[in-house]
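Naming follows writing order (A, B, C and D), and every chain is counted from residue 1.
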Amino acid sequence: MCGASAPSPEEAALARSVGRRLAERGALVLCGGLGGVMEACAEGVREAGGTSIGLLPGWDPDEAAEAIGVALPTGLGEVRNALLARACVAMVAVGGGYGTLSEIAFARRLGRPVATLSSWQLHRDGAQIDDPDLFAAGSPAAAVDWALDHVPD
Amino acid sequence: MCGASAPSPEEAALARSVGRRLAERGALVLCGGLGGVMEACAEGVREAGGTSIGLLPGWDPDEAAEAIGVALPTGLGEVRNALLARACVAMVAVGGGYGTLSEIAFARRLGRPVATLSSWQLHRDGAQIDDPDLFAAGSPAAAVDWALDHVPD
Amino acid sequence: MCGASAPSPEEAALARSVGRRLAERGALVLCGGLGGVMEACAEGVREAGGTSIGLLPGWDPDEAAEAIGVALPTGLGEVRNALLARACVAMVAVGGGYGTLSEIAFARRLGRPVATLSSWQLHRDGAQIDDPDLFAAGSPAAAVDWALDHVPD
Amino acid sequence: MCGASAPSPEEAALARSVGRRLAERGALVLCGGLGGVMEACAEGVREAGGTSIGLLPGWDPDEAAEAIGVALPTGLGEVRNALLARACVAMVAVGGGYGTLSEIAFARRLGRPVATLSSWQLHRDGAQIDDPDLFAAGSPAAAVDWALDHVPD
């Protein structure tokens, strides 16, 4: 799960719902461990009794949002975005800027399916790309269902 | 410099021209060190008497394209994309897939100016984003001039 | 927790005991996720009802030892040793070769206390170094007690 | 080339001599790019008309010592030690603390030959280890000759 560090209230609500639904489906939820959609998602995970792991960019476990279950400081800065894409089996992105775009790109480069909510659209030669493993979802439920249904075997 | 590992002949010609022009302007040219636009770019650098450095994804210096000046194996796989974005002061992207998109996103996340040639267009909310440090160039000359003019102080 | 990938039966027994004791003390146990002392340690953690996380060097979560609780593929190769040293608050090393030595060195470089069992001794100028945060323990109980007592605030 | 960031005058002189000799033998010299033995080594390389590359731990190319030929900021912190060990074909270590020990360990883990000058000695079971690819050299000339003679094919 990845997305905006400074989300709108709507994006935060989407992220919380994504976290709750992922946990209800039994998924272990990885995120970047800081505030914004990461924190909202971790709160949703906690509400549903699930487990979240935060891969922190810095060295200090205390940087993690309070709702994060397990905080792993990596000290890698933005490189932890690549690590998150490697460590997951499917991704849901909510909102977000260039950091989120790097996570989407890495995840797709590695073959992970990516569902987006209120996030980037990718064009080439003036037209939106056609990638069956990249899905612009209309709701948290649709994003979570699609992502979990598209986990590679 | 980054871009497609399996470029069209047109993209390879663009990359060679970019490499030659960067070297003529005295730039040290970093790339991913393998084939495709990386190799074409390195050939252009060599033609102009410049120096290229290839940050290889694997462990074996012999994986580098023959034209690469200095090959540095990183063993980091696609994470070397993030390293390339960190190590550069400006980026030119030619063509490319999700790996190139990750480099563009990382470079912009880190504040590096990025000129693109025949590459990704980024949209949000149905419209192309407005980012003064991301430039869709019409020619190698325009890409190189813009990139070098936008290197942060 | 780190150590030999091809341990002696004695080292494997030490590692299993370390894992069990860490879990009994309520510690979250990080290791490299593969076989050898990592697997033995994870088995000890599981016996005590605790949680282990394996930071795998490769891309494939199925590479993890069966007893690992949560497997996180990093794709970083031996660089994950540095990550393990960053992510932990204290380290116990059992046996091991140069990979384990790199983990001990990184952990001490970052200020983490390190207890060793049947592992490296470090000399400078012909004499064993004097480092109050590096402890050659005589038993798993001593290693675990010392490590948990020396976690920095 | 790696070693102490705060060397004694004797260690700095050793490092400068190592740099000069490596460059005279035509080697491309990689180091960590900061002060101490890294800087002294780079000065030696420059005196001999050679090329040095500094893999910086931080983001800022201006952190590099003035004598470094090419500065590559990695932003990886101490993880760049692992990168240095990957990128080299042989290592010379002068003095140094735990950071240098991590570089020695990584280099040996990856099969690179390592010559040491006034640096760590490694013991197991109470005796110095017997590793034909780890050489405690008595002089810069001996270190450089041995290292270049032991580069794997």
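The working rule: contacts are C-beta pairs under 8 Å (C-beta built on N, C-alpha and C of every residue); 3 or more make two chains touch, one makes a residue touch a chain.
Every value quoted in this text rests on a predicted model; they were computed, and no experiment measured them.
**Student:** Work out which chains are contact partners of both chain C and chain D.
**Tutor:** A, B
**Student:** Where are there more C-beta contacts: B-D or A-D?
**Tutor:** Counting C-beta pairs in contact for B-D and A-D gives the edge to B-D.
**Student:** Work out the mean Cα position per chain and let me know which chain is farthest from chain B.
**Tutor:** Farthest by centroid: C.
**Student:** Distance-wise, how many Å sit between the C-alpha centres of chain B and chain D, to the nearest whole number?
**Tutor:** The computed centroid separation for chain B versus chain D comes out at 30 Å.
**Student:** Determine the centre-to-centre distance between chain A and chain D, using the mean Cα coordinates as centres, and give it in whole Å.
**Tutor:** Here the centre of chain D sits 40 Å away from the centre of chain A.
**Student:** Would you please write down the residue numbers of chain C that are in contact with two or more other chains?
**Tutor:** 59, 75-76, 78-79, 83, 110
**Student:** Chain touch graph shape: choose line, ring, star, complete or other and state it.
**Tutor:** It is complete, because no pair of chains fails to touch.
**Student:** Under the stated contact criterion, what part of chain B meets chain D in this complex?
**Tutor:** 28, 30, 53, 59, 61, 70, 72-76, 83, 86-87, 89, 110
**Student:** In the complex formed with chain A, which residues of chain B make contact?
**Tutor:** Contact set of chain B toward chain A: 78-79, 81-83, 97-99, 101-102, 104-106, 108-110, 119-124, 126, 128.
**Student:** Give the list of chain C residues in touch with chain B in this complex.
**Tutor:** 59, 75-79
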